[in-house]
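This is the structure I want to talk about, given as structure tokens.
Going by the order they are written in, the chains are A, B, C and D; count residues from 1 in each one.
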Amino acid sequence: MSMNSFGHLFRVTTWGESHGPALGATVDGCPPGVAIDEQMIQHWLDRRKPGQNKFTTQRREPDQVKILSGVFEGQTTGTPVQLMIENTDQRSKDYGDIIDKFRPGHADITYWQKYGIRDYRGGGRSSARETAARVAAGGLAREAIKQIAPNVQITGYMTQIGPHKIERERFDWSQIEQNPFWTPDAQAAKEWAIILDDLRKSGNSVGAVIEVVARGVPAGIGAPVYGKLDTDLAAAMMSINAVKGVEIGEGMAAAELTGVANADEIFMGQNGPQFSSNHAGGILGGISTGQDLVVRFAVKPTSSILTTRKTITKSGEETEIITKGRHDPCVGIRAVPVGEAMMACVILDHLLLHRGQIGENRGRIG
Amino acid sequence: MSMNSFGHLFRVTTWGESHGPALGATVDGCPPGVAIDEQMIQHWLDRRKPGQNKFTTQRREPDQVKILSGVFEGQTTGTPVQLMIENTDQRSKDYGDIIDKFRPGHADITYWQKYGIRDYRGGGRSSARETAARVAAGGLAREAIKQIAPNVQITGYMTQIGPHKIERERFDWSQIEQNPFWTPDAQAAKEWAIILDDLRKSGNSVGAVIEVVARGVPAGIGAPVYGKLDTDLAAAMMSINAVKGVEIGEGMAAAELTGVANADEIFMGQNGPQFSSNHAGGILGGISTGQDLVVRFAVKPTSSILTTRKTITKSGEETEIITKGRHDPCVGIRAVPVGEAMMACVILDHLLLHRGQIGENRGRIG
Amino acid sequence: MSMNSFGHLFRVTTWGESHGPALGATVDGCPPGVAIDEQMIQHWLDRRKPGQNKFTTQRREPDQVKILSGVFEGQTTGTPVQLMIENTDQRSKDYGDIIDKFRPGHADITYWQKYGIRDYRGGGRSSARETAARVAAGGLAREAIKQIAPNVQITGYMTQIGPHKIERERFDWSQIEQNPFWTPDAQAAKEWAIILDDLRKSGNSVGAVIEVVARGVPAGIGAPVYGKLDTDLAAAMMSINAVKGVEIGEGMAAAELTGVANADEIFMGQNGPQFSSNHAGGILGGISTGQDLVVRFAVKPTSSILTTRKTITKSGEETEIITKGRHDPCVGIRAVPVGEAMMACVILDHLLLHRGQIGENRGRIG
Amino acid sequence: MSMNSFGHLFRVTTWGESHGPALGATVDGCPPGVAIDEQMIQHWLDRRKPGQNKFTTQRREPDQVKILSGVFEGQTTGTPVQLMIENTDQRSKDYGDIIDKFRPGHADITYWQKYGIRDYRGGGRSSARETAARVAAGGLAREAIKQIAPNVQITGYMTQIGPHKIERERFDWSQIEQNPFWTPDAQAAKEWAIILDDLRKSGNSVGAVIEVVARGVPAGIGAPVYGKLDTDLAAAMMSINAVKGVEIGEGMAAAELTGVANADEIFMGQNGPQFSSNHAGGILGGISTGQDLVVRFAVKPTSSILTTRKTITKSGEETEIITKGRHDPCVGIRAVPVGEAMMACVILDHLLLHRGQIGENRGRIG
């Protein structure tokens, strides 16, 4: 019942602080015989890495992953896989105000109130650096999925920065890898670049919405009533730093629909059931329909900003704080590969769970 | 690793189908010495009960709870509490079309595809009747919370039906118990009554948004990074039937804020830290701040409607279906006590977890 | 993380006290499509039922199981199965001394010290009546195993009562069902009958050793290093009331062997590897070898005896107690079907776990 | 539900192979504010380290622990503690026969049959090197226990090598640290030295029995009916490499007692209840009595021996194998600190669980 773990059969425990010697993921339950090496995992880490462009923090973190266990002669052995990322720059430096003052919007105050001790160096355990471990685990999960459900394709992208949303009519899958925002709307990418430039210069930040879609997921994975696929996806995404909302399919907008409009009518296609629409986001009753899994989450604006904010100290004195240093004007950008990784972990976990309880057989239609 | 369980230390496993002999909740980990009896739990079940007014289904389900274990001489003993609700009307009747056809928007098709067998009587395990068991468990959780954190107050209410939202300026706590929608906006209640009447007559349905607030929650409960308080709340709410989106504090709207606007500035109050605002919804880094916990979720429109929809049969033939019978035009109404129950279970669970890892001491400010 | 649950994927939570309205098992994770009805489960319960012969307690407990959920039209649906046994005789009666005095060897004192409240009626939760729920769950597990590994045969029997052990040379499988002790040694059965008769008359009791063997278990189930098959079997057996020791294969006697003597040499048989001996009890490194699984456990003598013993009261006064009533002179007899049930649950659980992580393929030899 | 994890609230996941880059323990749920550093953990690792005397393997493994996370300024922070031990000698060498042949008594054949892939270098994941990670975690647990139950003292020792048992009359706690066998019987230590010398020279090995006692454990920890203290101890000990039997208190010998003899009578001492004897081993109904916790386990003889044994190859051919190299004639010796570590982890876990469910209050006597 580790508080720092997720997954049922494919179980990931992350550990480490932003400025300790290292951080990583202990991954248990991976199927054996999955071809994997450090380069394959590094590929996904490099996408999340800061400093990729001027819209993410300019701190240099090589984020080089090492596989310490569970892989032999290029294949997983079925035993725990330890994925470690050493923190290269952990020199003791002047943390200044942060030692005694609580930064608004950060977990400084709650960690202190809970534990009575706080690793104040760069956020410690609450730092978004922890998500590097998730991305590494997600890279492994993607390879394992290929063994079981080779048609699964997981893609994340931004659909909104601040109040600025993409136009769904301009949605183009091929654009996602062409701009620094991983957005399928090329025109939005251009506009957002200007907006973020302004925010960065003014020392302000902004929130974002990320959508992650999984195509090719077989029907039938998930379970009632608390191990639901949507429950686990909601938990997976909400566990990412700074996320404040999670949606499946229509999400919050489902409230605005009528039953007639919301019904995804069912037809018979060549390869099984097909649907007139996907308001459900690929999940009914906690179980996948075979349609695209569609998950969306909102990331709040970076709390580290260059504007003075009021706060208190550990001894209860009122004061002010300003968070200097290089920070992402929109942490949402780097949340895209993290959301993909969580989606991969959840899908693999439920593929294994389904196989465990039910095996290869399932209900056929037609 | 039961798929039908939730909670870590206060662990609830629900069981039962809508038309089987009974359903219930097996609750393990409840603290001993909690004064409880069937009437105290029945109080909460009666709020969820159908047929309370014309806006909920007119089926008569007495939903009478029995305590079968774990309570002795009016107090919990610390051993598993079994809360059973017998299904009084489980006569074999004509289920007609439902036996072979999959109702759009329901879990009929996914249960079939997963299990290859389906209890077609009223939705079986996927029926919203399962939430009665959660409400019963929540009633117990509320009493246990009183022992540990007596100031906690949990209140749910509707903030939106279809596209019609409440006006926050008209928010009045005392109104919540005064109308069939549990809404704090008396004027909205009047308008919604007309809207739902029309929907009911036309055999259509509509979605809703429910907000659940917990006041008086002590600072410091929750945990990084996957056992976060917000992660568990998101999972708890998303696990409720028909929920498609979950928000903490600002929720999806957090995407639209700037870092300057989003910062909840901190001051020193008479009883500890106070905040200028609560964009965070009472949680920072997965741990409670002591502010109100604010969770919101969207419920999709009832899928059982009186309009013909296209679908297929188990043998793959295309056909049509219409769902007759008495149904809620807005299942969101009855989701209010369910959301409250899940909030109670999560808070109790995290109070116990905190006490387990850390004891009574925690970091003090000032 | 329910304390009253066992199993990973096939997860059994038992609930109920000896003198409450009912007790039972909530079983989650059972594969769908398992043919089951109440009679099939009752068959196993009847074996454990008291009053079967003069060597077990003469209390009449019909122990009639009801299936309340998870079964539809004679098959499991894959959703939680609730197995309930009503306590037919729960009239309030005079519990006399037991209310205030702690019976030596019973859990009276520890329940009080832990919880500060104690259901003193017949042991409450600590009563061996709880094992009826396990036997019911085990009956379901046996049927589910047939789907996956149809050659599995689980048989428990007594090998020792007090200091009196069976002679292995007289071991005869066909005798097990022929005597009240489920022992494969017909001559031992005769001798034990006399010994137990004497003990019963003198109001004393005696311990026993039970051995449970599973034949036909496929090689490869289990896991390193804490989810080992032997670890789970040890936990399963030690969790049974009054058990004080658990052995796999050679058990404690393994200490006396040399490496040369202990080596189970490997040969190639017609259907795969064969071994010269089975000191290992069918498990190497936590994983099954395909040999017979051999588990043994010791049950302490019944603590309820007709001899006066010294004890204290809740208020700390020294006093004496004698436990009247009808009791088993050797609870070990009724532990045989319980041990079989736990074996069945563990094997099914590991069959599902193996299928989940690895699927149908595994390493082949030859 | 990690197969490589143990513990409920104090949750330890071990990872790593004998000849990979490193191995370690990911420890979640440790209370914050525990003073700890690498030297304190190293102290316990050094006790387990091979090459300490001529009766343990002469391989040189420095087993130097590094704390990678969860500790800040000399104290635990309440977040995951990563304890890593690098494998210093992992040069590729000639593994000869082992690549294709299965060593009798080892997990070679079962890992192959389960996973279809096997890290043949020194046993891989099934190597007893994994227990170094447990000892490290146990070192941390010991320090955390001091915060909560400062009187707890955990001591392991050998009571039997081969058929040679200690004399209980010669039991002397002060002798345990004075001989290479950690035995409280000085004379047995002398005799065992001669016996083991002979075994080592003849290339044979022998089993052993280890007893671990915890004094000063408060009454009331543990739980019914599957999270029992004895259940968790049995699982903890059985999970150690080569263990084949586990006993609590009287253990298997409980079978030989009568109810009159077995009753631990209760008296009132100055500090609460006292008992006339401790047949129960400190546990009644799964909950601690306040008496000494007494656990015993048998370790089978080292399977790596210098005598030729018959076996098969991966392709199913019959052949012979002899395991060269330096090995422990009695692995039981090095199991003593491992048993202590597991005892420490289980006790801490149950202290936290108890505090979680029940808090500081419990039932008082007198």
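Here, contacts are C-beta pairs under 8 Å (C-beta built on N, C-alpha and C of every residue); 3 or more make two chains touch, one makes a residue touch a chain.
What you are looking at is a predicted structure, and each value in this text was computed from that prediction instead of being measured.
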item: A-D, A-B or A-C - pair sharing over half of the B-C contact pairs; value: A-D
item: Chain whose Cα centroid lies at the greatest distance from that of subunit C; value: A
item: Which of B-D and C-D has more C-beta contact pairs; value: C-D
item: Whole-Å gap between the CA centroids of subunit A and subunit D; value: 38
item: Distance between chain centroids, defined by C-alpha means - subunit C, subunit D (Å); value: 26
item: Whole-Å gap between the CA centroids of subunit B and subunit D; value: 45
item: Numbers and ranges of subunit C residues touching at least 2 other chains; value: 1-5, 8-9, 14, 29, 32, 78-79, 114-118, 125, 224, 353, 358
item: For the subunit B and subunit C complex, residues of the former touching the latter; value: 1-5, 8-9, 11, 13-17, 20-24, 26, 28-29, 32-33, 66, 68-70, 72-73, 75-82, 84, 114-119, 124-125
item: In the complex, subunit B residues that touch subunit D; value: 1, 9, 29-32, 78-79, 148, 224, 352-353, 355-360
item: Of all residues in subunit A, those that touch subunit B in their complex; value: 1-6, 8, 14, 102, 104-107, 109-118, 125-126, 130, 160-163, 199, 204-209, 219-228, 230-235, 237-239, 241, 244-268, 273, 276, 279-281, 283-290, 296, 298-305, 307, 309-312, 314-318, 332, 353-354, 358, 361-366
